[in-house]
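Heads up, the next two complexes both have subunit A, just with different partners, subunit B and then subunit C.
Entry: the complex of A and B
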């Protein structure tokens, strides 16, 4: 068995074990159905919900918010990172500001954005972009800082202009870092999308969870939570697959194949 | 072609200054293959960076094809010691060789031809689609040499290009440089710390002193034009030149009072 398929088998075994646990624990502890229902009840509630248009509308809303926020954050983060990272003065001027703004939890901005945008989609989008932007920016800055001086000198010797050096040296060097930033940002964006829907009540899966919970449909609430977890998984696997394709030249992907 | 006049470079740090190069004057005429040799820490890399326009000298001037160097000169190709860092791992061998030609805005067909010819010249005609990191160190340096050759430079600078490869590969690469130079006649300045290598390769050897660095000697290598790893290195004249340069470098480091006389050698430093 290869390492990869072995890993997949072990991973599936872990999931199966967790499923058994979710089924067994509520039954063994005789938990009431409206506090911790067994997995079978959760799945059947979710299956029923999946037949409704509301569910799919919520999924679409969440995905749309997530994707839009992520795209904006990545574009802005990469652009800002490349510009700031390649100008020494800008880097020094912005360093402390970035370190100050970055740790502010996006959720702390909820009152502010509600004041500005109400409970509309704009609110959720601002929170998502704010949270995801820093992940991309900081990673891009690391990447830009990692440009090999010899590679840079080589490019200059062979008459590469500023733009050509950014395109052919800086950008490929930064790519693995940007990929990490995108992967982190994708997860954070999902968290913030659901949070915004839960807290502000903008349409999406988070809002559905809040509605199910307050309506006493506990099993359904758990089911929807599982769906958000599944999203996170799919997002991570997807980004990693793209990473492997684009970065097949990079040590992290190719492994240490000394010729 | 390459004219270095009174070159001085001082690195100024906060609390102290380091004089890497004190006063260098030498020239390389069109079509010459000149080696620069000196003890470690004598500022060879600093010299090369000043020549390549990557570093501004504190004093003095560098002229390439009659024009003062203020940035990387257009007709110059550089081969670095650190081939692994100088080649771009995200590009194939052929793409690495071709990229500078795209910066030169050469038409596609011409680029393809130059890339194929250069790879053939370094013995890598069958590896254009490989990635540099799939090749051995010696082969990677061949790619870097192919990139320089394809660029069709007027001047080629080489900064200890073979310091990181094994002895056998090194001998092969030395012969490769000789053959490329003989075929293209490109003006070449080859920087090395290896005395044997400098004498084997060069028509002239510029010996640098220890830091603060000046030109200790400018020596014409009067060995037959056709060099052979076995025959040339076995010539009595090779041994004489080697002993002489070695003594010069020992003297440069302050360990010996004076180099022994070398029969028949006329220092060429003061010539036009």
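Entry: the complex of A and C
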């Protein structure tokens, strides 16, 4: 067996073992159903829920908030990063403000967005965009700062205009950094989407979890948490796959596939 | 002179922004966006007045204590388990997919469950913070332990450095940049979770107080709460960077030396 397939087998064994544990431990310890239901109860509750339109509506709501917030944050972050990063004065003047605004936890804005938007989409979007924007902006700034001065000067010598230099020198250099920023932003955006649903009550999976829990449907709450986990997993794997495809020309990715 | 210019560049934009906020809101009639002067005016009464009974003592300190407790437990658990898993390829292959699933669960999703299991006391909030913070630390530790320089590892073996000495002097040392990265991610997550757990169910704490202000339409007070939360995030991140520079000073030096070779 090659190392890779051995790893995959072990990984599957790990997942299977964990599933057995989730089934056996609650039964052996005789846990009450509303504290720690066995896996089979969780799966059957979830399967029942998956037949309802409410469930798919919640998934769609969460997906919509996440995707819309992420797209806005990435577009704004990249645009701001390229502009600030390529003008030295701007970079120096904004540095302290960015360093100050970035660590402000976006949940601090919860009370404000509740007043402004209530449970509408706007609430979740503000929280998601605020949290995800800084990740993209800061990574883009790193990327723009990494531009090789010789490449930049060469492009100038060949009479590249400002736009062409951004397109052919700056953007390719910044791309791997932007990709990292998008990856970080994607998972932060999901966390904030669930937060908005849970704390504010925006429609979506987080709200369904809270409702299931307070309605005594503990097995279903576990099942929905599992769904958010799978959602997160798909996001992680998906973003990494897109990253590898977009950056297939880049050394870091080429090296990875050759090995 | 040069210093003065740099100093000016650091302060210019924040001063301008604050001035814009101050003057633009000065005659604000909007309920939700009160004048900044009023926010600043109610700040002392809201947070520091009353000595031992002030909100700084009854709300901010408990929040910080829960954050510190949960974060410390997550760091210990994450590094401990990360060392274990990272040093055994078989164990790593076995646990990796399960850990990936756990890391992918957005930590706020487990809040209602932990409320049901552990009530709304300190225990629940600490558990929420531990659950959220442990994964980035754990997975980064695993990655760091994996990437120990094989030459260094062989050298250590030649010199008979094994057991705890090996972990302390070789493994932890070379994994520390990665571990610190994980800890940084975990800290900003921890602040978020601290606030969420208090907003969802609590009887005191920063998150609880800020939401309480909003529900009672004490809007200027609510804004002071937002500012306190923001300042807290900034202070913790500055503090972390300070500690990081001390702990990882050797690493930055090494990297710089490599770059100038």
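By definition in this document, the second predicted complex is superposed on the first by the 244 of 259 C-alpha atoms of A that agree within 3 Å, B and C clash if a C-alpha of one lies under 4 Å from a C-alpha of the other, contacts with A are read in each partner's own complex, and residues count from 1 in each chain.
Convention: a contact is a pair of C-beta atoms (placed from the backbone, for glycine too) under 8 Å apart; a residue touches a chain by one contact, two chains touch by 3 or more.
A quick note: this is a predicted structure, and the numbers were derived from the prediction, not measured.
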So, does A:215 touch the first partner subunit B, the second partner subunit C, both, or neither?
-> neither
Applying the touch criterion given at the start, work out whether A:156 contacts subunit B, subunit C, both or neither, answering first, second, both or neither.
-> first
Applying the touch criterion given at the start, work out whether A:238 contacts subunit B, subunit C, both or neither, answering first, second, both or neither.
-> neither
If you stack the two complexes on chain A, which partner ends up touching A:118: first (subunit B), second (subunit C), both, or neither?
-> neither
When the two structures are overlaid on chain A, which partner does A:249 contact: first (subunit B), second (subunit C), both, or neither?
-> first
Residues of subunit A touched: more by subunit B or subunit C?
-> C
Between subunit B (first) and subunit C (second), which does A:11 come into contact with in this model arrangement: first, second, both, or neither?
-> second
Residues of subunit A that lie at the interface with subunit B and also at the interface with subunit C | none
List of subunit A residues in touch with subunit B within their complex = 148, 150-151, 153-154, 156-161, 164, 168-169, 172, 175, 249-250, 254, 257, 259
Counting only contacts in the complex, subunit C reaches subunit A at residues 6, 9-14, 17, 32, 90, 93-98, 100-113, 115-117, 188-189, 191-192, 195-196, 199-200, 207, 210-211, 213-214, 219, 222, 225-226, 229-230, 232-234, 236-237
Can you check the complex and tell me which residues of subunit B touch subunit A?
-> 49, 52-54, 71-72, 74, 76-78, 80, 82, 85-86, 88-91, 99-100, 103-104, 131, 133-136, 139, 147, 151
Residue numbers on subunit A that touch subunit C, as the complex places them | 6-7, 10-15, 17-18, 34-35, 92-97, 100, 102-112, 114-116, 187, 190-191, 193-195, 198-199, 205-206, 209-210, 213-214, 218, 221-222, 224-226, 228-233, 235-236
